[in-house]
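Below you'll find the structure, written out as structure tokens, and then a few comments.
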Amino acid sequence: MKQSKKILVALVDRANYGRLRPLMREFKKNSFYKLQILCTGSMLLEKYGNSYKIVQKNGFKIDSKVFMELEGSNIVTMSTSFGLGIINYTNELNRLKPDFVLVIGDRYEALAIAIATSFANIPLIHLQGGETSGSIDESIRHAITKFADLHFPATDRAKRFIIKMGEFKNSVFNYGCPSSDEILKTKKSKLDFVNKIGIGATIDFKKKYILIILHSNTKEYKEQSQQIQNFLSFVKNNKIQTIWLWPNIDAGADTISKELRIFREKYNPNWIRFIKNLSPEEFQGVLSNASCAIGNSSSFVRDSAFYGVPVLLIGNRQSGRETAKNVTHLSFNKKKIEKKLLIEINKKYRPEYIYGKGGVSKKIAKKIKNFKFLKQKSLSYF
Amino acid sequence: MKQSKKILVALVDRANYGRLRPLMREFKKNSFYKLQILCTGSMLLEKYGNSYKIVQKNGFKIDSKVFMELEGSNIVTMSTSFGLGIINYTNELNRLKPDFVLVIGDRYEALAIAIATSFANIPLIHLQGGETSGSIDESIRHAITKFADLHFPATDRAKRFIIKMGEFKNSVFNYGCPSSDEILKTKKSKLDFVNKIGIGATIDFKKKYILIILHSNTKEYKEQSQQIQNFLSFVKNNKIQTIWLWPNIDAGADTISKELRIFREKYNPNWIRFIKNLSPEEFQGVLSNASCAIGNSSSFVRDSAFYGVPVLLIGNRQSGRETAKNVTHLSFNKKKIEKKLLIEINKKYRPEYIYGKGGVSKKIAKKIKNFKFLKQKSLSYF
Amino acid sequence: MKQSKKILVALVDRANYGRLRPLMREFKKNSFYKLQILCTGSMLLEKYGNSYKIVQKNGFKIDSKVFMELEGSNIVTMSTSFGLGIINYTNELNRLKPDFVLVIGDRYEALAIAIATSFANIPLIHLQGGETSGSIDESIRHAITKFADLHFPATDRAKRFIIKMGEFKNSVFNYGCPSSDEILKTKKSKLDFVNKIGIGATIDFKKKYILIILHSNTKEYKEQSQQIQNFLSFVKNNKIQTIWLWPNIDAGADTISKELRIFREKYNPNWIRFIKNLSPEEFQGVLSNASCAIGNSSSFVRDSAFYGVPVLLIGNRQSGRETAKNVTHLSFNKKKIEKKLLIEINKKYRPEYIYGKGGVSKKIAKKIKNFKFLKQKSLSYF
Amino acid sequence: MKQSKKILVALVDRANYGRLRPLMREFKKNSFYKLQILCTGSMLLEKYGNSYKIVQKNGFKIDSKVFMELEGSNIVTMSTSFGLGIINYTNELNRLKPDFVLVIGDRYEALAIAIATSFANIPLIHLQGGETSGSIDESIRHAITKFADLHFPATDRAKRFIIKMGEFKNSVFNYGCPSSDEILKTKKSKLDFVNKIGIGATIDFKKKYILIILHSNTKEYKEQSQQIQNFLSFVKNNKIQTIWLWPNIDAGADTISKELRIFREKYNPNWIRFIKNLSPEEFQGVLSNASCAIGNSSSFVRDSAFYGVPVLLIGNRQSGRETAKNVTHLSFNKKKIEKKLLIEINKKYRPEYIYGKGGVSKKIAKKIKNFKFLKQKSLSYF
């Protein structure tokens, strides 16, 4: 019988947790694993809703909290935060000495953990590699792939791309996204809690509502201010009730937040409710019941497909992603957004399962258990 | 007429400089460019021969010196140094505001600069991508590729591999290694200077001598001590006069240095001369005149091919590299090294030009000038 | 004739600038000095009003901007910010190579600069040493004194205390606070600008108004939440129109901000205007015209004395400071604050000049010019 | 009955351990305490003899190892190391959550720990405050005093100075240096082990020998190279057998090491044995049996007094220290050193107990246990 192994799961933002919770639960109940949890990035910040508290409320023990985000959210502070993260993650890995480290996605905090892990000769497991998008995320995601020893992409195309990039076939497995384990079990839930958190309009859930999430695209850092102003000129005239989730911590986030605050002061948009943070199931509830989702969150690409909720995907941040039929790509153009919204808000699409069909966590946990990790990575091209 | 552009060349160790000097000279005399030089890593350290002084002696102005290497040379300090490097490079890039940054090879300092560059939305140029090797260098090299906007690999295979990894064909150019510009012009030089630097045996250059360089393989960090002891058991019995160049600063370097010092104390090996650092032309002189080179330096893979000097390439650090006929791959096995040395030391190979034929720097400088950098990277697989 | 000398003035928050501006102007016009300005800390942050922009608007060139504040504002992030500051300041001092560095007050950023300066063997000049207060500021201030080579305290008692601490008499000079140079020239200014910045109530400047500033006391970090709630229970019932300036970036600031936001959501206090940042002259205008100032800002101790504005000084943050007759010390006790406010708001005190009588900057600039700095500090007790 | 309390003892170099071992043993056997040990600085470095291993061999468990020293040993790297130390110590204190932290002496690593401790609102205990010396140590020592809550100076004068600096009398206790607990019990030990470690001459312990330790004075950073050359011109002609202990890690240490290596290469001084590190009892053995000690180590000031060993104290690094009659102060002057050595080497002084009479550790442990720490420091001058 194999001895129990320490697996460290790194959570760097609320979306990470939403996707990894089913897998964390699997690790927790599977006797082969000893689960270690590292929370970092915006998960620890009041400003972003202190989402580590949800992790604790769900019964998980957090083994390490790493503060590493600088104030400023510009490209200097993002890069400095990355460096500071490396220093702190190095210490934490050296202390916790996990047998494996698991990261998901394409955030800079995840790359920092990936590098610290690989430098420490600890096997690295990566979920959601092989996808394509805009922003610095695009490079970060593929760089993580080049450090990872075992890959769990979430789509067939992503799997194909990882293999094309030179990873060995027998280290790349597409079982879908673990979030599908929970999403597909989610029942219609009451949404009243929304009006108890955040600030602004009281949402009437018997009527149609829009969900907006607008993140920064670091590669369009300078255009950001203009883009958000264009977007807000759309929002100003659109009086459909709206739930707006604050952006995450990328370079440029403060620009968005600032424009948003100016907008609120100026126009007092009493049809919008602003919310900092939601638990995974709360978020799925709000998304699945929305009449339309607008913005550039990757959840609009992924999770929305399960529900067939119409999505207006704005700008280049998610360009290159695989999307289901419910997603319409648009630029930051007020007129086009307005026009398309009128059409889409009245539609409902058929669910599609490009990002998984459930039963994912068990398969991933089993594969890690039986995988033979190599000491040295190499390209498969020979 | 195009306006002059600031190009920052990052030098992280003595080998970097040896390869980039011809290109730096080209940038310096080409009016399109304003050359900025950043020296960091072991280049600034007494212990590694203060090689930044050679850069200055060659008439270059250093615009930025960044100290970032921790004492300890273990996997914790390597990773911490990396993080500290990011913090400092971020500040320096923000201050110098180059239009392009150029890095070479696969060291962690180079990756740190690459990430800081890419996070700052500055175009990144990478030389020597697409090669394959052992150690953490393997992952680092390909991760740099995923951040780089323009690639100058040094071999056709490397070019092919970069393109396979998803980089666009029209961003990858193989003109060879710029070091070939100088190497192929090098005349037989006097080597007497060797006996004026370093310590130990006086080398008689009328007789055969061996050149040894043994670096650390971070992925075999734990086996290191055993490997070097095996190697030293070979050295102990081999009494052919030898020039030994100290290892660079990777995790594990102190282990090698320590074993070396113990060995010196114990056996007083009066047939070996130990040297910390050589200028590029000094190094080429010593290498080209050696009867055999033994160890795992990448210069034994690359530069030796130009001279046809027999090489015994030990261990996995360079496994996967393209080598000419002069290179024999061996494990850390005393008997096999002894046996093979007896044969190879009496051979001389025909020069091969797999790593370039000269005229490289001009081509690279011209290409950069005319290249249209894109704001957003993406995979070429669509 | 003496050669011109580079003096670096470090500005770490808006209050620093308010006090140092007259001196900076003196350095700028005095040919002996070449002024260098380093802006750091909350001066660079949108959230704190980007006060570096006022420095630029006033015609100063900023030579160095150092981001170093982590998000979180707890005792872990404050300490980490301090360490990161040291790293960055070290680099900036090494680059700018000032002949002297001047810091003011008792903030952790100032201590970080003081240490980096002293480690670099650059003479350190300190203003406002020798005062006493609560919070971690108390230790920080005296630690700076132990690194400083030349001291310009702002009161006679402070001078006496510095000398008692073992500094040589001939290195300690009380000319008063340079802010007095400007304050005493300030004419009654229009305050309409207030209603164009910040958010909340429109202030009627023909009527009485209160000014509130409430900072964190890091040594009472755990009691903070309770203290601010007590304070807000006072604010809730007090309906006199109020200008509230957001707290600075100490550990605990986010707790205050959070309670404040909850309070705003819950009670919609339409008699309060919230403001992030003011230029020095704007601040003096608002303070000097207030009917009462309430909170724990050091400006309530210092600047208020010049105007005789009644002050309710709450809690221990400023305990130990020298105050004029206009200041009443109170604990975080709703009833006592309410009661005392009723009395004080109708008073007006006679100006007192314990913190200076003007003409300060010229004297400081002259003294620095002629001071003979020693290489080695030592205690005066022998 | 009081509950057991966690006391973290910070060890930053071999000398720290030599002085604190008796106290650590007391904490270990005293049920009131739960001892935590943090090792950092040069204790973890091969180059400085890996002295943390002696701690482990003595039966202590090390709870935290913090790497934070940069390569380079110049004033830039010293300051950067300090900043990096703060970042790492902050994390370790947050993890280990000690009830008290104890530091000793005047090194920058100790100040970094002191600041991180004080920022974290953990009570700080300082040993060996109040002394006076040269180098940056002078400012560091007094700055630590301004953060410390409880002081255990080692002499009456030091106690008096701490109180004069504004610390409350009832927080300052002179019980002597804990090293005296062991030193006074030390029996004449065999010294043969010396010839089994280090390199160079075999010492004949039946004959007279000299002990040399020469550290850097950071405040004379630029004069260093000249000073050491002067000193070596003395050493060159002095052929009395010598044990030389390598310098510690201050800015300038590499300059000393470099000059020493050049000297060794050039003059092959076969009457000197070079040693990196000794356990506390080994060091006391070597010091107590020396016929003369030469250099600027603080152990020559302190421990030598117990033995009456003649000391030539060179330069300004220890100027201001309290010394017994056995110590002669000299500058870096070859002639004067030679002349004085001839006289002193034949003397033997009477032991003096200015740095303690034993029984110290028990008293310190008892006092800490019963001390009432205050939340807020303040000056005693009111």
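As written, the chains take the letters A, B, C and D, and residue 1 is the first residue of each chain.
Please note the rule applied: a residue touches a chain if its C-beta (ideal position, glycine included) is under 8 Å from a C-beta of that chain, and two chains touch if they have at least 3 such contacts.
Computed from a prediction, not measured in an experiment: that's the story for all the values here.
Chemist: Tell me, please, which chain's centre (mean of its C-alpha atoms) is farthest from the centre of chain D?
Modeler: Centre of mass proxy via C-alpha means gives A as farthest from chain D.
Chemist: When chain A meets its copy chain B, do both sides use mostly the same residue numbers (more than half shared) or mostly different ones?
Modeler: Same, since over half the interface numbering is common to both chains.
Chemist: Can you check which chain pair, C-D or A-D, has more C-beta pairs in contact?
Modeler: C-D
Chemist: Can you give the whole-Å distance between the Cα centres of chain C and chain D?
Modeler: 38
Chemist: Express in whole angstrom the distance between the two chain centres, defined as the mean CA positions of chain A and chain D.
Modeler: Roughly 51 Å separates the two chain centres.
Chemist: Pull out every residue in chain C that's touching 2 or more other chains.
Modeler: If we look for residues of chain C contacting two or more partner chains, we find 76, 80, 84, 87, 91.
Chemist: Name, in rising order, each residue of chain D that touches chain C in their complex.
Modeler: For this pair, the touching residues of chain D are 75-76, 78-80, 82-87, 90-91, 94, 108, 111-112, 115-116, 118-121, 132, 134-136, 138-139, 142-143, 145-147, 160-161, 164-166, 218-221, 251, 316, 320, 375-379, 381-382.
Chemist: Quick one: in the complex, what on chain D touches chain A?
Modeler: Residue positions touching the partner: 66, 84, 87-88, 91-92, 95.
Chemist: Applying the document's contact rule, which stretches of chain C touch chain A when the two form their complex?
Modeler: 44-47, 67-72, 74, 76-77, 80, 84, 199, 249, 254, 258, 265
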